[in-house]
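Next, two complexes with chain A in common: one pairs it with chain B, the other with chain C.
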Partner chain A sequence: MTDIANRRPLALKTLTTVFLVIWLIAAAFPFVWTVWGSFKVEADFFSRQSWWMAIEGTRTQAQTGSAFTLQGYEGAWIKNEFWKAAINTMIVTLSVTIISLTIGTLGGYALARSGYRYAFWILIAALVFRAMPHITLVSGYMLPFFELNIWGVLPTTIIVLVAINQPFTLWMLHSFFLSIPKDLDESAMVDGCTRFQAFRMVIMPVMWPGVITTGLFSFLLGYNDFAVTSMLLSQQNQTMVPKIASFLGSIQNEGNVMFAVAAVVSATVPLFILVLFFQRQIVSGLTAGAVKG
Partner chain B sequence: MAQIRLVNVSKRWGSYVGVDNFNLDIADAEFLVLLGPSGCGKTTTMRMIAGLEDVTEGEIWIGDKIVNNLEPKDRDISMVFQSYGLYPNLSVYENIRFPLRVRGIPKAEHHERVMRAAAMVELGPFLERRPAALSGGQRQRVALARSIVREPNAFLMDEPLSNLDAKLRVSTRAQIKNLHHTLKRTTIYVTHDQIEAMTLADRVVVMNKGLVQQLGTPTEIYDRPANTFVASFIGSPAMNLIDGDVTDGIFRAEGMALPIPLGVSGPITLGFRAEDVQVVPQGGQLSATVYSMELLGDATLVSCRIGPALVSIRAAKDFRTQIGAPLHVAIPPSAVHVFDRSSGQRLSDNTGLPAQATSSKTGAA
Partner chain C sequence: MPHRTFLVFIAPSILAMVLFITLPILSVIVQSLFVQHEAVLITVENCTPFGCEKETRVDHAAMQALREERPLGQFAGFANYLNRNHLAVDEIGAILSNNQGFGDTLSRIFNLPFYRALSFTLLYCFVVTPLAMALGFAVALAVNTLPRLMKGPVIFFSLLPMIITPLVGSLILSWMFNPSGILGASLQSLTGDPGLSLRASPIMTWIVLLVYGIWTNGPFSFVVFYAGLQTVPQDTMESARIDGANRWEVTRFVIIPHLAPLATFVALVQLMDNFRVFEPIVGFSAEANATSLSWLVFNDLVGQDAQLFGSAASTSVITIAGVLILLAPVLLRTWRDFNRKAA
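And now, the complex of A and B:
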């Protein structure tokens, strides 16, 4: 490995290193900049005089007596009840993940083991729904939800997100189930299991990596969704992402935009931890999907 | 008590016929081998007996009940799969115990039964390992132990040896034969390897394209193949089959003349086994040039071409010749099998030609 790397011409090595460094800065800078800026006041972070002020925190020093301040976080979390949005996000994402996985494992298993033609068509239909922009589905939901008086509450949003997420979960778990040899179910059934027992006692223990990966993707979908949550949730039931958007929508008030910045950082940190923790599963899941389609 | 009976069993997928009108009675404690090339329907037949495949038509009886609509778990059978089908997340011990656990057999019995089954296939030292940490032969033995631990009415084995190397295959084959002798259970064994079929079976069913070609003991199938398919499938090397014409009771093909006193005339296929004929210095019924010579150690295999057919002759171990040298072969009448050319069906009904033909033949030679 290292031998081959060392044999490369120096120019190429320099080029790749430079490219990687530039790429790393380009990718990481926005996030690092936001984290840094979230501890400043608006006059610094959005300074018109010099962007150097955001680094040094001149105004922050003048206004609060320290180069760093928690004003943005305090305003977002306490004054504007961002904690409520965080709890809502937790409820929505966990529910979406659990419901999607339950339906997805059962359905994916059934489709993977079904010898019938319709299994294929169900998967194709699922793919079509998956391909549609989320917003097109939501616009159709609005009127019926108003009529039925179920607009604005969390359960409705959860159901819609599950519906949007399900095709993907189904596809992904389906391909995971396909990679488990049929002999395993069959030997379980000959050994004395019913179909469901074979699923529960033999297939599921082997499926955990697939379930965790699919669960992560479902979690991310629920967590990051804007289209559905912003349209279907009332002001007091908002989750984090639309809440951040509404902070940004009211920048005429001094300091509000800093609430948004602080909230963005607050919403991103858990994702970072999650991805770092599960990176192995995410990568293996991505390649499994890539190979099995 | 565990006879298995198949009555007019067929399996079709749309217009494709997997198994066609299969009839078979398997006696209690019999070792029956389903033999055929891949795609001949032998595995499908076994899977129908196991309940893993629906029967399109006909009845399957196990013991005294029709099992067509029973789940696999209710048929009291066990099965060894070609790919073993071991549970990767369980240890060897738990794999073997699994059938006892799911069938609610009293816990107190588990340990003893698992240990007994493991001992039968010599798995003692590996009980705590995961299947991934075992070699192919060991995995195969775990699958065997799992199938015998419950002592079901019948064992089904789907090409259990095909993933093993040649040496291991021989020893595991002996082990299976011995297990069957010890347990005395009805066993159905699917293979495409005719040597496995010959060595293990009480009776063999030779199948091709979903149809039963012949049912009989290994000796019957070897000595009296019912048609050219069976003749060319069984034996190593397979039976030599030569197309030719019979006129006035004499079979003629390129380099061959042989009296056939069966009253047949016109095109036939003539067959004989490599070991039933002899290389002679002069005369004989077959004259050709040597195409190839293979030393087998215990014998020498000489081959020659008769038209498109490659004909093998087994000679003594110290026989030597050159490629291209003339070859004379004596074909005793008892070695000759006669088949109809178009249908491939056997025409001579004994092993070889009728007795009176032998004397007239000897005179001619």
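And now, the complex of A and C:
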């Protein structure tokens, strides 16, 4: 379209700008505020007098001698052993991502290349499974896991998260595989490859963008989960999110909300970095499901 | 692809889903038919120099033995579904046969835990989904007019509310809405009511939860609609303009119809996700004023002394039924499309 047709009246232009600015403040300000506040003492961040104190750090200055303090982080990471939870989160999310992708690419490829009816029904079943609230599944696991004595450990949680993640992974990878022409693997097989060799050596090298995108979402699912990790992990194996939830119960009464604030900020940082580096993949992933699915 | 190869490729996936999704659903159905054992009581005689008295207490050893022997508990049939904490059939009957008008009936039904949770869950689903989609659409239209250089950073910040861990996101907002947090305090001084607290009244709690829902769900619609906007055929837009359509008419008659299939997809995904609303209730500690079906299950499972597996399981079964009802139109349409294609 030409620029003349696209030129917008001033009123509309102002309106869009104002709207966008308000939206950006709504989207970003809570994070900015909480990060800033995590370096203050509780009397400032939850000030009864005025929130201006959180900006200037009046009480922080009085209590610690400087306008910024690391007390919250010290309390969370060292005193309450948040570092253990961080390591557990790393183990769980990385394993979930790797296992999900390994079995998901195999399954997604098969679904994309099979022309039979049952492939379609498997996808529909996956859609239904995708809609199941996680906590309802968890209530099915608890008793059997207690009986089998595998409750509370990391491997159980990892496998459960992989399974819960599988429907989504299958759908996404299936639609990425569909976008790769069939001729590619068929000609490889004519040249003497087995099906698996064609998959491994011809298809996978061109699939990396799709795999990375799907991997991001598997990572997010493992990282953000609360229902499964809070119910299936014992106290000493907790990951970050249930650990933060347990802070709420035990710490709020002792006047150490700032530990929870610091922990929340710490748990947010990896997500920021993820979006910073993989923004394009996240956007394309959300769209791929929508446009093709 | 031959059946055998297909099976080999998909086996690990299917195995994982059958073991950890299908079997748990079956396990939930079985568990929902049982209740936990009644406490085994024994009477012991405590003799002190001042005489003997009888005391009744729970026999922990016997309970332990009973639990090990039959971990599921006692068979109860459909009792779990019908009791006060679930469908509350008797209570509903009593309310319907003896009440003072429609309002009274509603408020008394609303006081039953299951119906309270159900009404909030449905409200959350059907308020948050359309409003978040509208917000996402508006943001997408606005971002689309930005110069190229600005789009990247704006999209970055717009993604944050969606990407954030739900529990963490709701905690961040709940601290801001706290009476001594920045938004809570500002609201108090704006309205001039020092007692105003978002936790105090059910309506306020509901509004805050809905605001959180729209905040966290908006970006997903934004991203999908924004991508859709890039594919709107420019020729159609141009000819509509030449034919004298104004900006609003172009949006209404060219852009919106083009995005309609995407909107169906977004609505479906958002409804599924919003139906399991759970973390915000924990994050905002809103359980006194608002509960959801998922939260009821969670609450039964974290019970301090005894976990109520039967009760949690029957809520779960009802929730799963709810999901299927929600999905029914989609499934029916897919079924019909598929049969038409096959025919």
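Structure notes:
Assume the second predicted complex is superposed on the first by the 282 of 293 C-alpha atoms of A that agree within 3 Å, B and C clash if a C-alpha of one lies under 4 Å from a C-alpha of the other, contacts with A are read in each partner's own complex, and residues count from 1 in each chain.
We take it that a contact is a pair of C-beta atoms (placed from the backbone, for glycine too) under 8 Å apart; a residue touches a chain by one contact, two chains touch by 3 or more.
Every value quoted in this text rests on a predicted model; they were computed, and no experiment measured them.
In this superposed model built on chain A, chain B and chain C occupy separate space and fit side by side. In the superposed three-chain model, the partner touching more residues of chain A is C, compared with the other of chain B and chain C. In the superposition on chain A, contact of A:V202 is made with chain B only, not with chain C. In the superposed pair of complexes, A:N88 makes contact with neither chain B nor chain C.
Look at A:G140: by the touch rule set out above, it reaches chain C but stays clear of chain B. By the document's definition of touching, neither partner reaches A:S38: not chain B, not chain C. Within the superposed three-chain model, A:G192 lies in touch with chain B and out of touch with chain C [touch as defined at top]. Angle at the C-alpha centre of chain A formed with the centres of chain B and chain C, after superposition on chain A: 100°, rounded to the nearest 10. Superposition on chain A places chain B within reach of chain C only down to 9 Å, the least C-alpha distance between them.
Chain B contributes residues 50-52, 71-73, 77-79, 81-89, 98-99, 102-103, 143, 146, 150, 156 to its touches with chain A in the complex. On chain A, the positions that touch chain B within their shared complex are 181, 183-184, 186-194, 197, 201-202, 205-206.
Listing the residues of chain A that touch chain C in their complex gives 1, 5, 8, 12-13, 16, 19-20, 23-24, 26-28, 30-31, 33-34, 45-48, 50-51, 54, 102-104, 106-107, 109-111, 113-117, 119-120, 122, 124-144, 146-147, 159-160, 162-164, 166-167, 170, 195, 199, 220, 223-224, 226-227, 231, 241, 244-245, 248, 257, 260-261, 264, 267-268, 271-272, 274-276, 279, 282-283, 286-287, 289-291, 293.
Listing the residues of chain C that touch chain A in their complex gives 1, 3, 5-6, 9-10, 12-14, 16-17, 19-21, 23-28, 31, 71-72, 135, 138-139, 141-143, 145-146, 152, 154-161, 163-168, 171-173, 175-176, 178, 180-182, 185-186, 215, 219-220, 223-224, 226-228, 231, 234, 237-238, 241, 247, 262, 265-266, 272, 275-276, 278-279, 282, 285, 293-294, 297-298, 300-302, 307, 309, 312-313, 315-317, 319-320, 323-324, 326-327, 330-331, 334, 338, 342.
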